[in-house]
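Two complexes, one shared chain (chain A), two partners (chain B, chain C).
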Partner chain A sequence: MEEKKNKVGVYICYCGGNISDHVDVEEVRNRALKLPDVTVARTNMFMCSDPGQEMIIEDLKSGKIDRVVVASCAPSLHETTFRGAIERAGSNPFIYEHANIREQVSWVHHGDPATDKAAILIASATAKAKHLKPLAPIHVDAKRHATVIGGGIAGIKTALDIAGQGIDVTLIERSPLLGGQLNSLGQLAPYGDHASDILKELIDQVTGHTAITIHTNTKVEAVSGYVGNFSLNLLKKSDPENIPLTLDTGAIVMATGSVSYTPFKGEYGFGQYESVITLPELIRLLKANTSSRSMLEVNGKPIKNMVMIHCVGSRQIPGIHPPKENGTLNEYCSRTCCSAMLNAANQIRETFPETSIYEMYRDIRTYGRGQEELYMQASANKVVFMRYEADEPPEVSKNDDPDYPLQVRIKDGLTFNESLTVPADLVVLATGIEPNDVTNLASQMKLPIGTDRFLLEVHPKLRPVEFPITGIFLAGTCQAPMDSGEACNAAGAAAVKASALLSKGYIELDPFVAEVDTDKCQGHGACVEACIKEGALTLMEVINPDGNPVKQAQVTPAMCLGCGACAAVCPEGAIDINGWALKQYEDMVDAIVSDSVAV
Partner chain B sequence: MSSVNLAFAKELKAYSEDTALECFNCGTCSAICPLVHDNFPRRMIRYIQVGAKDKILENANDLWRCLHCGLCTHTCPRQADPGEIILGLKRFVVANWRA
Partner chain C sequence: MSPQAEKEDNKILILATETCAYPGADSVGQAHSPYPANTYILRVRAPVLFPESFYFDCFKKGISGIIIMSCGEECPYDGAYKALAKRLDAVYKKMKEMAIDLRRLRLTAICTVCNRAFLKEVNDMDKSVRELGPPLVNPSL
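Let's look at the complex of A and B:
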C-alpha cells in the first residue's frame, strides 16, 4: 500500500445515540476512510470516555497518525479533552481539529441529509487538519501583582483574598473613604448585622495588610498593556501638581460599584414635596434616630402614616416610563430594594409601633436565603400591602388635611382594583441600583458593557467574573444589582481567578495569533492599519539578509486577538493566523464543494 | 373612591378580634365559602386592612348571608379567623347602621 503523505486519524462519536440516532455513523466512517489524507477512521459510543481517548493515544503512539480529527459535539467543552489526550500521547496538542456533528448536524437534520452533512464536515475538518503544524503556547512573564479598582465591599474583599494568596495588591478608590455604598447602609437584611461593624472589620484588615497598598482619592486615568504586564496611570486628587503615578500590575479587577437611582423632579412627588424621600435617605434617618418614642420622627415631626413605593427607577418599561435625558431606561430589577424596604419597614414597626406603614408594590421579590421571612415578618408586623400595575402607578399629591400633608392614590389590585387614597406624612421611594459610569476606563480596556450599562462578564456559568480580555476580572455591583453578600461571593471568585493566573509568575496563552512570513513581508503597513488591537502589530526596522535596513511588520503575540483582519488585507499574503491560515480555509471550502464524500 | 381610614382598625377592636392584618389575600376563604360569592369573606377582610369603613357599610347585606359554618376559619393558612372577623363586623354594622 502506498504510504500517504499526511496521516490524519478521524474519530467519530455516537454520543450515546445523540448523534447515531440520526447520522449513520458507520457509513460516515466508511466515507471518511476514502479521503486522501485519512489513514485511520474509528467510531466509539462516547469519544470523550477513557476508551475513546485511548484509541487516539494508541494510534498516535504507534505512528499510524500525525493529525487528529474528532467528530462529536461542539468543541466548546471537549476540544480541551482531546487536546489533553494528544498531549498524553506525547504529541503536540495543536495538531487537532474538531468537527461538530451533533449541534450542527444530528440535532438539526435527520436521515440521509444528516449523514451526508456529517461526512462533508469531516472532510472539511480533515482538509484543514493536514495543514496543522505543531504550535507552542505563548509564554508571557507576569508581574505577581494585582490591582483592584474600587474600594467598596467587593473591592476590599477581592484585595484581601488576593493578598491572602501571597500576591501584592494595590486597591484604588476614587473617593476619600473605603467602603462604598455600605457606608450609607444600616442594619443589613436579612440577618440584621450592622453595615458599619462589617466595614470596620474589613477595613481594619485591609489597611493592616502588609501586601496591600491603598490609594484613596485616586482616579485611574489610563490603562495600557496586556495580561501579566498592565500599566496604569493614577491621579491623586490631593496632589496639587497632578503628577500621575504609574503602576505596573499583572491583573486588574474592576469593582467599580453602583449608585442609588435619583428620581426625576416630580417622580412620585420627589423634589416637589419635602416629605417624599428615597430609601437610602430613610436608612440614614433610621441610623441617626436615637429617639425612644413610639413614633418615627423625621425633621422633628412624628410620622403617623408612611407610604413606601417599590420599583422606583427599576423594571422601567419603554413607552410607560420616560427615559432619562441621556436616553437610558432601567429595565432590570434591582433585586435588593424589596428586601431592603421590608427590612426598614420591620425595623420601624418594631421600634415605633405607632407608625403605620403601607407598602405599594408591583411584585415583591425577596431574593435569597432568609429573605422571604422578611415578608412574613412584615405581615406579622401589620404592614399593609397594596399592589399597583406599571401602567397605573400610585399618584402622590398634596393633601388639605393638616395632619397628613400628602395623599397617595392607588388602584389597588389587592382590593379588587378599587381606587383608594392613603393619607401620608412620609412617602419613601425604593430607588434601585445603577452602575457607576466607567465608560472611559471600559473603552480603554475594551471591556464590554451591556445595554443595561452594567459591565458584562464572558458567561455567567462557563466563565463568571471574567472579561474576554485575559487578565481583567470584575466583581460586585458594577456587574449587576446584587446585595453585599453576593458582591463578596463575586469578589472571592474574582480573587481566586486573578491569583491562579498570577501564581506561577508566567502565563501561557493560546498560540492562535498572527505570524509574519519575513521572507514575504515588504513593509506595506496595511496590516498595521487594519489591526484592531493597539500595540499588537507594529512596523519595525530590521536588517534584511543583504545587510540593508527594511521595514517589516512585527507581532506582539500576547496582544494579538487572532481576528485575522491583517491576513485579509496583506497584498503579499505575508501574514497569517496560526491554526487558522488562509490556505486551510481554502482547502476546507474545496472539501465542502467537492463530492468526495457525498453520495 | 374611598379614602383609607387609619383609625378604623382601632374602632373595630371593640367588636372583633384584631386578626384582619394576618390575612395575605390568598382567597382560600372565598373559594371554600358555600354560600356567598364575589370574594366573600376576603373582600370584607381586605376592607378592614385598608380601613374602607364606608365600603363595609355599603356591602353590609352580604354579612347576614353567612351562616358561620366555619369552613373559612378552618382552611385559613394564616389563622386570620375569617369567621370571627365576619361575626365582629356584624356587631359593628348593628352598632353603626343608623349612625
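Let's look at the complex of A and C:
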C-alpha cells in the first residue's frame, strides 16, 4: 500500500443510537476511508467511553495516524475529552479536529441526506486536520488572589474554601450584611438546624480569616482584564466622594444569589387582603413568635384555619399565567418551596396544635435526602392536602363569616374534582426563587444568561460551576433554585476550581493566536493597522538573513485575541491564526463543494 | 458544461461564531428542530478573518449562498464587527458589479438560544438559493 503523506485517523461515534438512528455510521466510515489523507477510520458505540478513547491512543502510539478527527456530538461537550486522550498517547493535543454530526446532523436531518452530510463534514474536518500542527500553550502569569461577588452562604463558603488553599480572597457584598437569604430563614428543612446558628459560625470564620478581605455595602462597577489578571472597580456606598476602589484579581466567582418572588396585586388576594402573606413572611413571624399558646397568633389574632398555596411564581405556563411587565415568566420549578412549606406546616402543627392547615398543591416535590419524610410527617400531623391544576387555581375571596375573614375555593383533584370551600384566617403563598438581576455585570464579563434569567454554567455535568470565560466561576442560587446545602456544594466546587487555576501562579492558555510567517512578511504593516487589540501586534525592526535591517510584524501571544482581523488584510498571506487558519477554511470549503464522499 | 452546472444541489455555507451562533446551531439540534440538509456550518472565531476574496472564491467554487452568523452586538472581539461590516459593504458592491444576486450573502446575528432566528435565516436562504440556482461566476474574474 502506498504510504500516505498525511495520516489522519477518523473516529465516528454511534452515540448509542443518537447518531446511528439517522446516520448510516458504517457507510460514513467506508466513505471516510477513501479520503486521500485518511489512514484509519473506526466507529464506536460511545467514542467518549474509555474503549473509544483507547482506539485513538493505540493508533497514535503505533504510528498509524498523526492527526485525529472525531465525529460525534457538539465540540463544546467532548473536544477537551479527546484532546486529553491524544495527550495521554504522548502526542500534542492540538492535532485534533472535531466534526459535529449529532447536534448539527442526526438531530436535525434524517435518512440519506443525514448520512451524506455527515460524510461531507468529516471530509471537511479532515481537510482542516491535515494543516494542523503541534502547538504549545501560552504562559500567562496569574495573581494568586480570587474575588467572590456576593456574600450569601454560597459566597461565604466559596471564600472560606479558597482561603483554605492559601490563596487571598476578597468577598464583596452589596448590602450592609453578610448572609444573604439565610438572614430571613428560620429552622431549615429537613433537619431543623437554625439558619442563624449556621450563619453565625460561617460569618465568624470568614471575618476572622486573615486571608479574606470583606467589603460590605459595596458594588462592583466595572470588570476588565483576562484570566489571572482581572481588574475590578468597586464603589463603596458609604464613601461620600464615590471614589472607586481598584482590585486586581486572578479569578472571579459569581455568587450573586436570588430573591423571593413578589406576587402581583390580586394574585391569590395578595396586596388586597392583609391576611394573605408570603412564605418568607410566615417564616419571619414564626421566628419572632414567643407565644406559648396552643394556637398560632398573627398580629395578635389567633389563626384557626391556615391555607398554604404552593407554586406561586413558579412553574408558570404561557397562556395561563400572566407575564410580568418586562415579559418574563418563571416556567421553572423553584424546588425548595415544597419542603419549606411542609417544614413550616410541621412546625406549626407541632407547636400550635389548634391551628389547622390546608395545603393546596399542584405536585409535591420533596426531592433530596430527608425531605420526603417531611411530607409523611405532615400527613401524620393531620395537615389536609388538596390538589389543584394550573389552569384552575384556588380562588381567594372575602368571607362574610366574622370568624374567618377569607375563604379559599378549590376544585380538589384528590376528591375527584369536588368543589370545596375552606374558610381561612391566614393564607400563605409559597413564593418561588428568582435570580438577582446581574445583567450589567454579566454583559461586561460576557457571561451567558439562560432564558430563565439564571446564570448559565458551561455544562451541568461536564463543566459544572464554570463559565465559558476562563477564570470566572459561579455558585449558589444565581445558577438555579437550590437549597442552602446545595448552594454550599456548588460553592465547594467553584472554590476548588478557582484554587486549582491559581495554585501555580501561572496559567496556560489555548495557543489559538496569530503567528507571522517571517519568510513571507514584507513589513507592510496592514495587519498592525487592522489589529483590534492594542499591544497585540507591532511592527519591529529585525535583521534579515542577509544582515540588513527590515520591518516585520510581531505578535504578543498573551495579548492576541485570535480574531483573525490581521489575516484578512495581509497581501502576502504572511499572518494567520494557529488552529483556525484561513488556509484551513479554504480547504474545508473545497471539501464541501467536492461531492466525492456524498454518493 | 461547466463544473458548477453539473451539480444539482444548492449548498449553503454558514460561518458561525464559536461563542454565539455555533452554540446557537447546537441549541437548534438539542431542540430536534429540522432544517434543510444543504447547510454546512463552519465554526469560526470571528468572521473578520475572511478577506473579500474568500467570498468570491466560495461562489466560484459553487457555493450557492453564504450566511454569516455573527454575535452582532455581543461580539467578544471589540471592534471586529465594525471591520467586518465595512468589509461586507465592499463585498456587496463588488457582487453588484459582478451581477451576483445580493441575496446570496447574508450577515445576521444569532445568539446561543436564538433557535427561531436560526431556522428563519436558514429557510430564507434555502428558498433564495433554490430560486436562484448555483452561481455562475466567471472563474477568471
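Following the convention adopted for this analysis, the second predicted complex is superposed on the first by the 393 of 599 C-alpha atoms of A that agree within 3 Å, B and C clash if a C-alpha of one lies under 4 Å from a C-alpha of the other, contacts with A are read in each partner's own complex, and residues count from 1 in each chain.
Going forward, a contact is a pair of C-beta atoms (placed from the backbone, for glycine too) under 8 Å apart; a residue touches a chain by one contact, two chains touch by 3 or more.
Source: prediction; values computed, not measured.
Colleague: If we overlay the two complexes on their shared chain A, which of chain B and chain C does A:36 touch? Say first, second, both or neither.
Modeller: Touch status of A:36: no partner.
Colleague: Should A:120 be classified as contacting the first partner (chain B), the second (chain C), both, or neither?
Modeller: In the superposition, A:120 contacts chain C only.
Colleague: Please name the chain, chain B or chain C, that touches the greater number of residues in chain A.
Modeller: If we count touched residues of chain A for both partners, the winner is C.
Colleague: Pick one for A:266: touches chain B only (first), chain C only (second), both, or neither.
Modeller: neither
Colleague: Taking the superposition on A as described, I'd like to know which of chain B and chain C A:16 touches: first, second, both or neither.
Modeller: neither
Colleague: Let me test your reading of the model: by the given contact rule, A:505 touches which partner, first (chain B), second (chain C), both or neither?
Modeller: A:505 sits against neither chain B nor chain C.
Colleague: Quick one: classify A:468 as touching chain B (first), chain C (second), both or neither.
Modeller: In the superposition, A:468 contacts chain C only.
Colleague: Please work out whether A:451 is in contact with chain B alone, chain C alone, both, or neither, and reply first, second, both or neither.
Modeller: After superposing on A, A:451 lies in contact with chain C but is clear of chain B.
Colleague: Using the superposition on chain A described above, determine whether A:192 touches chain B (first), chain C (second), both, or neither.
Modeller: After superposing on A, A:192 lies clear of both chain B and chain C.
Colleague: Considering each complex separately, which residues of chain A are in contact with chain B in the first and with chain C in the second?
Modeller: None.
Colleague: Could you pull out which chain B residues touch chain A in their complex?
Modeller: 1-4, 6, 21-22, 24-25, 39, 43, 46-47, 49-50, 52, 55, 78
Colleague: Quick one: which bits of chain A touch chain C in the complex? Just the residue numbers, please.
Modeller: 74-76, 100, 102-104, 107-110, 113-114, 116-117, 120-121, 124, 446, 448, 450-451, 468, 512, 530, 532-533, 561-565, 567-569, 577, 580, 582, 585-586, 588-590, 592-593, 595
Colleague: Which chain C residues qualify as touching chain A in the complex?
Modeller: Going through chain C, the ones touching chain A are 7, 11, 13, 19, 23, 25-26, 28-30, 32-35, 37, 40-46, 48-51, 54, 57-58, 61-63, 74, 76-80, 83, 87, 112-113.
Colleague: So in the complex, which bits of chain A are touching chain B?
Modeller: Interface residues on the chain A side: 304-305, 356, 358, 379-380, 382, 384-386, 407, 409, 412, 414-416, 418-423.
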